[in-house]
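Several structures are given next for inspection.
Two complexes follow with chain A in common, the first pairing it with chain B and the second with chain C.
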Partner chain A sequence: MSQSSSPVEFRVPPVDAVALETRAAALGTRSIKRAAKISGLKLAVAMMDLTTLEGQDSPGKVRQLCQKAKRPLPARDEVPSCAAVCVYPDLVPEAVAAVAGSGVAVASVATGFPAGRIDRAFKLREVERAVADGASEIDMVIDRGAFLSGRYGEVYDEICAVKAACGAAHLKVILETGELKTYDNVRRACRIALLAGADFLKTSTGKVSPASTRPVVLLMLEAVRDHYLETGTIVGVKAAGGIRTSKDALRYLVLVNETCGDLWMTPKYFRFGASSLLNDVLMQLEKERTGRYQRPVDFSAD
Partner chain B sequence: MSKETEKSNDAAAASATGSHALQFGTAWQYESATEGTDHFEIAERYDLFVDGEFVAPQSGEYFATINPATGEPLCEVASANAADVDRAVAAAKAALPGWKRKSGDERARYLFRIARILQERAREFACLETLDNGKPIAETRDVDVPLAAQHFFYHAGWADKLDLLFPGRVPVPVGVIGQVIPWNFPLLMAAWKIAPALAGGNTVVLKPAETSPLTALRLAEVFQQAGLPAGVVNFVTGDGATGQALVRHPDLDKVAFTGSTEVGKDIQQAVAGRGVDLTLELGGKAAHIVFEDAAIDQAVEGVVRGIFFNQGHVCCAGSRLLVQESVHDLFVRKLARRMERIRVGNPLDKNTDMGAIHSAAQLARIEELVAAGVDEGATLHQSSCELPGQGFWFAPTMFTNVALSHRIAREEIFGPVLSVLTFRTPEEAVEKANNTSYGLSAGIWTDKGARILWLADRLRAGVVWNNTFNRFDAASPFGGFKESGFGREGGRAGMRAYVRLQDGLSAG
Partner chain C sequence: MTLPVAKTYKHYIGGKFPRSESGRAFQPSGNPDINVTRGSRKDLREAVLAARKGLASWSGATSYLRGQILYRIAEMLESRREAMQAELRLGGATAAEARKELDAAIALTVWYAGLSDKLQTLLGSQNEVQGPFFAFSTVEPTGVIGVVAPDGPALTGLLALVLPVLVGGNAVIAVPSASAPFAGLALGEVCASSDVPGGALNIVAGQRAELAPQLAAHRDVDGLFVAGKPDAELTAAGADNLKRTRFCTLPAKDWRDPKLLRALSWVEPFVEVKALWHPVAP
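Coming up: the complex of A and B.
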C-alpha cells in the first residue's frame, strides 16, 4: 500500500488558466430564482461542514456549533441539518457527544493541520486517535513542501498511509490550493490524491488566502468526473474557506450541477466547509419564505 | 504523454459502454429566468431614417420582421426602393462638408456620447436584439451590446488622433460610404461599420439586414438623442434589391459589406472601375487545430464556444475541428457529453446557451447541408435536447468521420454544426486547415509556445486565436484572406479603411 508510485502515473493534461477561469465565470452568470433558489439553498445547508478551527475553540463553543448544525433554524423544520461539524482533533469527543443520534457527522482535521509540518508518525497517531474518539471523517493536509519540490511519490505514500489509518472513516484530502499556486499543480495534486484512495478532494484549510475559488473547484470537479468515468469510483469535492454568501454557494452548486451532474448533487459527494455562510443562507431562505430580509441579529451567532 | 493518453483512452472506452455514465437534469433544475420586455416599446411600424428623421418610404411598402423564437411578426419595417436610397445618399452627401469640417475633437464628442447612451440603454438593446435575432439574452447582454459600445468608445479615441496613426501622411475622409450588414450581429455590425466611418469624417448610408433591422433603427434614435447632425448617418431598410440599389449608387465613395461571399463578389463587380473604395468581410470555414498536448477540457469549451456561440451564425465560427488522431476518441467523447449540456430554448431566458435559428431560410440551408453530410457518409451526433414547437430551431450537431471532400467540410453552414476531421503531424494540420476557399479565422490549441508561433505563421487566416476562440476587441483588427474578403475592421488597420492618405506633413 505504501509503495511509491512512479511519477509517470501522476502526469496530467495541462490546464489553461484563462479558459478555465472564463468557463467558471460563465457558469457564474446562471440565474437561480424562486423554487430553484430555495431548493439549492436547502441543499447547501445539507452539504455544509459547519466549521470551527481556532486556537480559542473550547468545549462550550463546540457544543453550540453542534446544536446549530443539528437544527440550523429550529422554528423551521424544512431547513435540513448540516452534513457535519468540523473541529480540531482534541475536541472530537465533545462533538461526538453533542451530535449523538442526530445524523450529523463529526469531521476532524488531522495530520498537523493546517501546515502539516510534523513527523509522519505523529500525523498517523493523530488520525488514529481522532477515529478512535468517534470522528467519521478525517480532513488531512497534504505535504505541500514535498509536492512543490517534486517529491510526488512521498505525497502519494503519505495519503495512502493516512487512508489506511482512517479505517472506516472517510478521508478528505486538503490540497491547500492557495499554496500550490498553479492550476497545473492543483490538477496533479488531484491525480495523486485520487490514485491514493481519497474519498474527497478538499480545496483549502481556510488558513491560507486564497482559499476556495470557483475555477479551482471547477478543475477539481473535472478531475473527479474523469476519475469516475475511468474507474467507476465516485470521489467527492469539498469547497472550503472564503465562501460567505448564498449567491456564492449557489454558483458553486451550478458548477457541480453542470460539470458532474446528479450523482454529485448530494452531501455524500459535495460539501461546503464554512462557518459564516450558514447564517447568510438562513437569511436568504427566510427572505424567500417571508418576502422580507431579517436582521443579522435575528439569527444565532454560533 | 502517450502512456497517459492511451490509459485514459482505454478507460474512457470502457466507460463508453455505459457502465459509468453521468446523469444530468433531475437533481436540480433551474427555473426559467425570463428577461422582461415591458420596459421598452416596439412600434407597429418603422420608417426609414434619412437626414436626421424618420420618413415614410417613397415606395409606400413595408415588410414584417419576425421573432425567430416564435415565428411571430414583431412589427413592420419600411422597404426602401431606388428613390429612397437616392434620397438617403443625397442626405449623406449634403451632410459631408459640415461633418468633415468638424475637428476630430468635435467628432469624438459625438462618438463618446453615442457610446454612453448605448451603455445606458443596454438592457433595452439587448432585449430587442434577442427578440429580433433569436440569439440568447446572455449573449446580447454580455457580448453584442457591450462590444458595440466599446467600438464607439474606441473610435472616439482615434477621431482626434488620426494624424498620429499615419506618420508623414495626411489622412482625409473618404466621403460618402454605403454599408450593408448581415443579420447575425445586427447592432454590433452596425457599430463596427459606423464608428470608424464617423471617426474618419465620413458620412454613411447603411442598410441593415432585411430580417433583423430593429436595433439599427433604435440606434438611429440614439443618434438623435446624441444630437448627431442630420444626414451624417442614414438607414435604409429593405431586402437585397435595396442593397443592390445602394452599392450601385454613383455618389458613393466607398462600399463596406459584411455578408456572404456570393453577394460580396457581386458587389465587387458592381464597384469595379468606379474609383470606389471597397472592403468585404465574407464567409468562413475556420479550423480549430487541437493537439494532443492541449488543455483538453478547456479546448472542449473553446470548441463549443467556437461553433455553438450565436447558434453558429458567425462568419468566423470554428466549424471544422482538426484533432490529432491520438486524442480524437477522447476529445469527441468529451465534446459529445458537453454538447448535451448546452441549454437550448427561449432566448429571453437568462440561462439559455443557444437560441433560435435566425430564419426559416437559414434553417432550410442547415438542414440541407446536414442531410448532405449524412448522405455522404459522415457520422451524425446530435444533442438530445428538446426543441420548442414553434419558431426555427436546430439542435447542437457534430459530424465525425468527415472527409475533406464532404460538403460539410467545404461549404459554410452558418449554423450549429461541427465537422470533425483528424491529423497526425503539424504539417498535415496546416495543410488541412488551409485547404479551403476561405481564410477568416483559425484556432490553435496546444500547450507549446513554439508550435503556436510556427502554426500562426503558416495559417492563411485573418484572425488566429490561440487557446481561445471567438474573442473580439475593438483594438484588434478583424478580416479575411482569400474568399473571406479584404480590408480590416477594428484597430489601426480598421481605421485605415475609412481614410484616404495624402502626401505631405500633417498640420497636427
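Coming up: the complex of A and C.
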C-alpha cells in the first residue's frame, strides 16, 4: 500500500446484489402515464450531456453537436436545451465558442480518458488546460489499476488533486463500473469519490461494456443519498453509456425519484451522458404531440 | 396415447414469434381452444423497427440471392404440404380448395423467385441522351412497406401482395386475413426456415380496422399495399410522410388464380427509379 493523505479507511458494508437487482428491476416496470411521460422526457433532454468522444471528432462535428444541444428540436420551443456538451479537451475552445451565451455548459473529459493510464502530472495539466479553455465541468476517470490493486489511498489522493486543479469547475468522477466488476467495488469507489470531494459520480466512459446499468446507478444513488444524510452535501449522479431509448431514460428517472426524491430531479444533480438517446427522446416527444410514430431520418444525426 | 398440443398462433416479427404486447388474443375459427394473438399499435411499432433492420440485409442481398431465397420459400411450402393444407382447412377451406390454393401459392412463389434477377432488365433501361454519356435507369427498393391482405383466400391473397413487394428488395409488414389468419401466420414458419433475413418479412395478426390505420399513420413506413377498394382515410393518413399507397381490388375468384396474380405492375409501385450517368470512355 502506498502512503496516502487520506485520514480514513474506505470500508463499506457489502452490497446485497440480489436485492439491488430485484429493486432496480421492480422500479423498471412502473407504468408511466402520458402527462408524466411527456414531462419526464423533457426533463431527460434538459438533463442530457450530449456527448461526442471519438477519435474522428472534428471542430465541425462539435459545432453541430453544440447547435443540437442548444436547440434539440428547432421547430419546438417547448423542448428545452441540453444541460451540456461533453467533448475531448482539445475541442473545448471550439465548444465554448459555439455554446456561448446559451446556458449550455461545456464538459470536458480529462485525466487520460478513457483508460486514465498516464502520469499524474499530465492528468493535472490536462485538467488545468480544459478549465483554462473554458470548460465548466470536468469528467475525470479514476485510476482503475490502482483501485483494483487495492491502492485506494492513491485513488483518493488523485481525485483530491484533480478537484484542486478544477478550481470553480464541477468535477464528475467516472468510476467505470464495467471494470470494477463487483457491486462492493462500486460502493467503495463511490465512497472514495464522495470523500474526496466529487461534485458528481458518473458510471462509465462509454468505452467499456457493460456501461451504465440500472442496478449500478441505483447503488450510486443510494451512496449519494446516504452521503447527503450524513453530511448535508448534495452530490449528483451521471448515468453514461448504453442508454439509447426513451423507455430506458424514464426508467432511470424513476430510480432517481424513488431513491433520492425531488431534490435530485434536476439537471443540477442528475445527468444522462448520451448521444443517440436524444433523438429517440425527440422522436417520442413528437409522437406524443402528433400521434404518429416518427422516422429517424427526420431528425438530424448530430 | 398422444398428448394433444394446442397451437397458439403468434406474430412473426424480426425472425421471432412473439405474442402481442397487449396480451390479447382472438378466436377466428370459432373454436375457443385455438387462439391467435391479436396485434396492437405497439406490435406494429416493433415490427417497423424490425423491418428497418431487415431492410438492410434484404435489400443488400443480390437479386440473384433474393430469388434463391424466394425459391426456397416455395420448396418449404412444398415440403409442408400437409401442415399448410391443415392451416387452410382451419380457415374454412375444403380439402380440395386447400390443395388447389396451396398449388397456386407454390406456383406464384416460383414465378416471383424467377422474376427477381430479371427486375433490373424489365424495369430499368439504358436511355438515349444528348452527349457522350451512358444514362441508366436502375430500380431500388422503396423501403419498409405495409401490406394488408384480403380477407380471403388466406394464403394466395397474402402472397399475391407480399411477393411483389419482397421481390423488389423491400421489407414487409403484413397483416394477414383476420377471419382466417392461420395459413398466413404459418408462412412465418416457412420463412424462418428459408434464409429470409429476420425482419425482411414480418406478419402481424389482428383486426384490419385496428391495424391498417396505424400502418398508414406510421411515418417510418414508406408504402402501403392494401387489398380492397381505395380508402380515403388510409390515403390521407399515409400522405403525411408521402407514403406510396396502392389499393388492389380483385374479384374473390381471381385471388386464387396464379396466372392473374403474376403482376409486374404490382412490383413497380414499390421500387424507385434512379438515374445514373456515366461518361463514355474515349
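Everything that follows uses one rule, which is that the second predicted complex is superposed on the first by the 295 of 302 C-alpha atoms of A that agree within 3 Å, B and C clash if a C-alpha of one lies under 4 Å from a C-alpha of the other, contacts with A are read in each partner's own complex, and residues count from 1 in each chain.
The rule is simple: a contact is a pair of C-beta atoms (placed from the backbone, for glycine too) under 8 Å apart; a residue touches a chain by one contact, two chains touch by 3 or more.
Remember, it's a predicted structure, so these values are computed and weren't measured experimentally.
> Check chain A with both chain B and chain C modelled on it and let me know: fit or clash.
With chain A as the common anchor, chain B and chain C both fit in the superposed model.
> Tell me the angle subtended at the Cα centre of chain A by the Cα centres of chain B and chain C, rounded to the nearest 10 °.
After superposition on chain A, the angle is 70 degrees.
> Once the shared chain is lined up, is A:Ser276 touching chain B (first), chain C (second), both, or neither of them?
neither
> Going by the contact rule stated at the top, is it chain B or chain C that touches a larger number of residues on chain A?
Of chain B and chain C, the partner in contact with more residues of chain A is B.
> Which partner chains sit in contact with A:Ser58 here, chain B, chain C, both or neither? Use first/second/both/neither.
neither
> Considering only the touch criterion stated at the top, classify A:Asp298 as touching first (chain B), second (chain C), both, or neither.
Second partner only, chain C.
> Taking the superposition as given, does A:Met265 touch the first partner, chain B, the second, chain C, both, or neither?
Once the two structures are laid over each other on A, A:Met265 reaches chain B alone.
> Please state the minimum Cα-Cα separation between chain B and chain C in the superposed model, rounded to the nearest whole Å.
5
> Go through chain A and flag every residue that touches chain B in one model and chain C in the other.
Common to the two interfaces on chain A: nothing.
> Note which residues of chain A are touching chain C in the complex, please.
291-296, 298
> Across the complex, what residues on chain A touch chain B?
Spelled out, the residues of chain A in touch with chain B are 8, 11-16, 18-20, 22-23, 29-36, 39-40, 43, 222, 225-226, 228-232, 253, 257-258, 260-263, 265-266.
> Where on chain B is chain A touching in the complex?
1, 3-4, 8, 11-12, 14-15, 19-20, 22-31, 33, 138, 142, 293-299, 301-302, 341, 350-351, 447, 467-468
> Which residues of chain C touch chain A once you look at their complex with the stated criterion?
The touching residues are 45, 48, 217-220, 240-241.
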